[in-house]
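Take a look at this one; I'll ask things after.
Read from first to last, the chains carry the letters A, B, C and D; within each, the first residue is number 1.
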């Protein structure tokens, strides 16, 4: 009888697990859509609350909404802990922490009122969107992009470091040339201006006034215009390589069937545990809760 | 005798159809050139009418011109409906709707005077330019571009979503750092600024004033400067693939069947004259009027 | 004796021709360097003369320099006409016209004083720099670039047309949204702003003030940030193709030797006239004066 | 006995040489980390000293820090001279000169007080970061980038020259169109504005006010937006070629010979220890001290 209860509970947990963590059943898809709507709505609510005129007229409503979303996400978090095969591992995973950070600030704000810095933590909720994105077919695409970016990370770092060194030197030169009167009041400020110019952002809050300064600025612009080609070239090449290097299909070690979802843990045909295999996918997130 | 009249009318319609919908006869080309000139002229007239000084001096003239173009386009629309083999299908096609939208606003403005919002609908006329573009050899080129963009649509979407999530998080951070005094008055406004900076547009209407804010801004610029490489890489690769692929199949303008030989002049199923070679035509738009 | 004089004159003309039009002798190289220095100096003189403070103090000097350069370039033009094997063909070639335009404005300014519009024609002198550039090894590089740009011209045109149509529609939308108070005073002005934003230039002289306007602006920026990938992809592909399609070496029809300069007319080993051959090079300029 | 002393000294020098110039021992790595921290700290100190508020409160502290860093770098420079196998060659190498320039300005400032221009020389210290970067695995990446940039140097130069010529012509046209009242006060200033616009920087300190001026400006922006594709295409292609090429040969730090096997630990000609694997090292800088 106890074994029956056990297996009942196991069945219930398995069902819940399928809805919350997986995306291939109807219930799972509905859950995902509901979740994504709540996340986007709650992030928009947090953002709108900082607009003074909206805070003045609808502050109470937004406060209530914030508590509503928090209760909802808390329930979801508890359910995830309950049905995860290994609750501790889920809690320590990347998305486990993001899920916790999505609810903590509201509770903390009761204890430590007025802490504005909790805002940013609340905004981090937006990251949860990525978890749900797995439901759609965009995972493969995101994966190719991630692989390309991981591969080009080092070259981009070397490139950005070179840009930074260039910006420090050119910024100092501009500080000497322009001096105080045109806004180049210190080297850090000049370096800031140089980065604004090299990256072709060009705010115009600081801009050179002397002839020599404008000439050097023109050189810096041409430089920035040319070297933007470097990261582009790097990523293009890595993308074209990432594309060629598609992961092999995962095959069930028991029944030999293929066609499993990237985040599937068990074979959907015979229930046998799948190997972690298929490189790219496995490393693309922390969704396997066991 | 009635059959004679019928076939007479059919011949007349076929001739008209060839002039209006096809581009390979001399009459068809003349019609296309006249049409493109009218479209461009009418769009310019709508635009100039919003310039106050021009409206004051030549408002009446532009009003007359608007009616002239409307009558012209109405005649064209009626002729298209008449000679199209399947008037209903033409009316519901993309270009059929654009053709209707090009004339409706002027008539509506008589009933509901002063509605400024009709302006944008009038401007949509500019889309009609694309229909006529088929006359030149640029179709093949546009087709390659369209294919590449269609293929990279998903990756670009994933990328833009990631940029948006990044902008929301970084915008919130800047809101906390800069506070009210530098124009970062709310998170939505900060997010707007972050997008302005990440995309290297840099208006300068809002710009960070604190040291920490400028440092974070510099990091955001470097980020924007680097990640612009991602869509570029995606499109480059898709373009190089689109190029390798063979042209889409030619489609009969009458029965809609495909599978014609490259050198076929008439549809092998219904005998209707096929558009000239370049398979590109078929898939590039909604010109089939039936 | 007359034949002797003839051949004497021919020898003299041939020597001059080699110095002025060709770049492989010592004299020819010296002439090229002298010419490039004069061109750059004369363009800088024209530019500096428009700076009020410089015009006030050194206007007379610059006026004298302008006449000096004009006399120099006139002498050069006459010599070119004299030694060119076909003076008429040289005069009608692209560089022949540029050479004439470099000297005409100064003479015309005596007849029609104060004509400011001659300034731009004078500035066109800067194009003469290209002729001399042939002396260095950069020709091959410039040629690859030119080929790639010629090949991608059509696709870029289609792309820019699409951007323009997009800018007209989005500009009209912004005109309706923002209205008069934020600088979006007419549709042409709104379209101008949209192009400033789509191309990520972002002056900030006009910028949206309403919430809806800023949201649409953010969308326009993301769009501009993404579609800049299109011309980049096009050019990258054409460049990689231009590289593969190197012209075959020109071979002397008489002695069979290769290794002739791109603009060589005669074989440098046996003097035989070379075929116009070697595609890319022949089309890259108008330097062959005969 | 003297030989013993000699070899003792040699052993001491060799040990020091390994710590200072090489990166594969524990001591060498510690030294590198300490050096990179000092360099970054000293550059930040120089930069902060130009901020007026910081100079007012912590000027004395920064002055002391500057002297501390100078003494440290002087000691390092002397040690490098001492243990380098060929002190003269080290002193004349690129990094030898940078090392000297890192310490000279502080001493010179005692003799010639108040010379602001020494600031930039002090900032050049930041270049020393590159020497230490060799310790990490980024060398290979930097090497690929350098190769690609070296290969595309000529094409980029041709491109930038074309952009400059374009900017001169378009700048003159804008000067004629806009005239004095919108900030286009001289051709050099107009050319500056054109470069700001072509490179999509767009400060907004100068912006066209007339209708014709804004139209031409829109054309310039579209042009800049399209031609940015050219350097990108060039670098992408060169990067993809640089990748295919095999690494440059390893060079013995002592005798300068090349041709060592990939797994060689010692020079096969003189027995000196070779730098660890990655051929990249040899060509990436001037670290060979002899």
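To be clear about the criterion, a contact is a pair of C-beta atoms (placed from the backbone, for glycine too) under 8 Å apart; a residue touches a chain by one contact, two chains touch by 3 or more.
Bear in mind the structure is a predicted one, so any value in this text is a computation, not a measurement.
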Exercise for review: Between B-D and A-B, name the chain pair that shares the greater number of C-beta pairs in contact.
Suggested key: A-B
Exercise for review: Please decide if copies chain A and chain D contact each other with the same set of residue positions, more than half shared, or with different positions, and reply same or different.
Suggested key: different
**Study point:** Euclidean distance of C-alpha centroids - chain A vs chain B, Å
**Key:** 33
Revision key, fill the gap. Rounded to the nearest Å, the gap between Cα centres of chain B and chain D is 47
**Study point:** Where chain D touches two or more other chains, by residue
**Key:** 159, 188-189, 191, 200-204, 228, 232-234, 236-237
Exercise for review: State the interface residues of chain C toward chain D in the complex, per the touch definition above.
Suggested key: 43, 46-48, 50-52, 116-117, 119-120, 123-124, 126-127, 129-130, 133, 137-138, 141-142, 144-145, 148-149, 156, 159-160, 163-164, 188-189, 191-192, 195-196, 198-205, 228, 231-240, 243
Revision key, fill the gap. The answer for chain A against chain D in the complex is residues 154-155, 157-159, 161, 165, 168-169, 172-173, 175-176, 185-189, 191, 197, 200-204, 207, 211, 214-215, 217-218, 221-222, 224-226, 228-230, 232-234, 236-237
**Study point:** Contacting residues of chain B [partner chain D, same complex]
**Key:** 200-204, 232, 236
